[in-house]
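Chains: A, B, C, D, E and F, in written order; residue numbering restarts at 1 for each.
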């Protein structure tokens, strides 16, 4: 596992924010609170957490086209931001949150593999800081975040199960997966996929073992950051 | 598992086509062959398989807005068609296919849960029929499709592991997953996710067991269809 | 005139649906009922009928780009769906329909000429089936569909007036036209146009004669289908 | 028929241009010559004529949204510009034109009914002026415009056949049509449609009679303008 | 300074309109009045003036792509229409105007340099004519337009300060600027920019002197036009 | 003038990068080098410098909609990035740069007024670092950046000329301007505009005095950063 650091309060306007670094991957995560919810839950008393994801054009080895300039978000972006939102919601008690929305923005400053996992892990920290403000202001009375949510990628690289792939490993790995867990060990989302290869249930188990270890370490970093 | 039927040759223009029905879900799958490849593999000698997915506006209980009219493909569409393409490619020997592209279109006529899995399963049949034409015409000499690719959804519904969720089950399930396997039992992609719930490794194992059984049945139907 | 078949009830969710085949052209038509109308007639007590049209990417000889992927509906699509809506409305008593909207979707599964005419003819059947549901449920008391609406294309091909052009004829025809009539013989829309040629009033009359014959046959098929 | 005036040479940069006024309808038409053709006829030796249509936002009674601002051309615009292009091409000998393209732009300055017909009639004048430049420069040796192309709208208004509908008449007419003819009396395109009404073959004949009279008058104005 | 002419009342539907010609540059300006304001000032009692800008495709030496067809307004268009709106608003007493909006459309018919300055100068005339209607109808009681707003471009061309650059001068000028002033000599906006060059404060002063002279002349033309 | 800090090398992949902070405004600037130029200068031997600008959704007091999600860059974004590019190019000897392109991306992490000026000032530092790499690699032999380019905003706030407006000052200022200068005191671009006010030549001179002082300070910070 590459070194992890989480610096909080990096954007003064946001209700919660952090800069998470995992190895050379760096993501700014902010949580923005709004006292309104999407139409489909209006009047339900339930809250909503959603996420958006972006990469700065030169976060990558060669400059990517800016999505705002090309006029739409690419398929990968859409897939990732749906994953982040879904994963964070799995750790939220939407009744306790009350009818309000928190939008988590994850913007990659520097990319070196694992940006979606770093976004989920850092996104949870930003979310937690925003929720803490609500608690402190007594806008809500019980913490809707029951357990931290963290994510790690694992893959099979050069025949070996590897934890927390960096970009060169990730692009070479025949099989890679994203594992999103709660701090109490419950699984939220597991995605394993093979690009030009296949895998077995036995390999799947080995990656799960690694992921549990990695997430435990990330949860420690999250707890330290929000303390 | 709901009843499965696969009718081939339903679109006369396509190099391969079928109408797959799994319960009340019905998808038209076509495979279109082109003697050109995307720029990023030009000159590599490798082939490419890609997929697109759509739903007719009234394939669903209430009419959905036509994506062509709203001016873009939604996040769910983008995510699904990337999954179909990735899954099918995992069963293709791209050297044996040679520098050509096959586009698999999956258009849902009637939806009742499991449209992405039906698309992969039917999409493979369309792909196989197009490849058979290439083999027959001696454009290629060995079959690039080593083993069928099929997919099934499983979930935890009312506390019980359930195989092949229909729409009412799927929308109620706290945890659901898509399992994409090859005919020889190798895993291609596993996606399990919790919406408003979590799951354990033990539950994951039970769903895997169900999925292996379901895919075996689908592979039989695929083999019968292309015979 | 090529053989005509109309199979009803092909999409279980729709209030009305059919699969119309005219020769090798096949179109799925659905009618979707909504208890709301567009803003410009809100509160007028009048109903509205509108239509949308699409082609599956491989309905044609070579694969067309999916309009949802290219981000907009092409000029031909827009022109056709406006024609379908206008034609169907000409057979609707909008007072009798009451303040509700029916959207007719026509999706071409397989194209071999005359898709817009097949869409109008099949679209009327789907519309009629949806209206029958309203009548049966006593939501309306008199039938707003006074007479069937059907359409046929005719053209001058190889110097001869021809009824119901298939694709090879259509693409070669110097002059072709679409004739939309009611079952009682009244004209709704006539479009004749020359591509790289011209025509005379006398030729126009001959095509009209053919069209009247063809529509009579289609109206028989419509009546049989909805009986 | 409302008074017609055609002023040529109104835009100095264009190869051909005019301002056509029919009653209170005013359209600027320009013809732009390019020594290249669309990909689908490259190398064929044939020329191409195409058209685009627009309305200034305040050409109408209440301000319309600018299509450039709303990000797409509306269905009506697309339909009209396809009609203009098709109609003008019907009067062009594409072999004599040679492998070059002329784009006719029709921009409505003030609208009071019949803008598409004014665009075709004025568009032909701009086209002819551009062709005359080619002839004068000996870039082509025979005139590719065999006969003028002109268009007029007719309709049934208050039960009576009416020639050249202005906006109040047009919006009230139950049946209206556009008739595009050549100067030699040949028909190029006939479009008759009923909005909330139907018509008979006999009525169609009466409108045709009116249209032939109207077009003859327009052709005189065209000839005077280009002389 | 090139010859200036302003013809009013050129579009019968608009509350105010003119055709301004400055040399070979010709712009149609219309002012459209609406009894509603943008959401951000609703209920404030203040009025709003906004502007849109466009060029006919063949207003320029070679045909430009129509922005409606390319699906968006280019950067230059956006920049210019923001400038026009901001400049006109600087001459408006928004309290006196009351809670209503006037949209000024500036459409370039023929371009030969200085289209943005001609648009502001002509736009003010259209605006004034619309305001006069309001005054005449006693919808407002005091004139919200305290002083005319006019604009002129100046630049350094071939080493010399030049007033009112035409297109050939403008495209060669190393430094050019737009100066927007009120009739009473107050400055509203000054934009000077160097393309491939720089300038000094002294040069800036000389261009300001020229601009003041040019604007005085334009204001005379505006006053004559609205008289 | 608020405190200025410029940290270089903040994005490892970029040829040049910095994080510039001016008060509470923070912008990440990167320079990306490509060995190709836009089509309009291909083969000319000249280089090109262009810029893009963006704001993270929560860089501002309340969350802004992500431009990639809304499908286009707003008018303000377009205007700013054109200004940045134009300003930087004014300090580049495009012959000495040779036929290559450098894209400067300016992404605002935290906004508190003056983001466009900070982007130009920081953008020049990123550009200079990229150019230094070219010099070190002997890809070019003489420095194409003759003099630093820096920008500062000034305005009239509460009746007083103020240097370097922060967000509260900027939104209240009746007159504000952006002044872009070279290190040698030459002017590149001056933009002064009044929102709901006007200004005089005398006031303009006072703001110019302030701007010259401010830019001198910024140029010191730039020189220290790239040393």
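Worth pointing out:
As a convention for this text, contacts are C-beta pairs under 8 Å (C-beta built on N, C-alpha and C of every residue); 3 or more make two chains touch, one makes a residue touch a chain.
Note that this is a predicted model, so its numbers are computed, not measured.
Listing every chain that touches chain D and chain E alike gives an empty result. Number of steps on the shortest path from chain B to chain F, with steps defined by chain touch: 2. Per the C-alpha superposition, chain D sits rotated 120 degrees relative to chain F, a value rounded to a multiple of 5. By the residue-number overlap criterion, the interface of chain A with chain F counts as same, with over half of its numbers used by both chains.
Chain C and chain E have Cα centroids separated by 50 Å. Averaged C-alpha coordinates give centres for chain B and chain C that are 33 Å from one another.
Distance between chain centres (mean CA atoms), chain E to chain F: 28 Å.
The residues of chain E that reach two or more other chains are 71-72, listed in rising order.
Chain contacts here close into one cycle, and each chain has exactly two touching partners. Partner chain A is touched in their complex by these residues of chain B: 72, 75-76, 78-79, 81-82, 86, 89-90, 94, 177, 182, 186-201, 204, 208. Considering their complex, residues 10-14, 17, 24, 28, 30, 32, 34, 52, 54, 56-63, 66-69, 71-73, 77, 103, 105, 107, 109-111 of chain E touch chain D.
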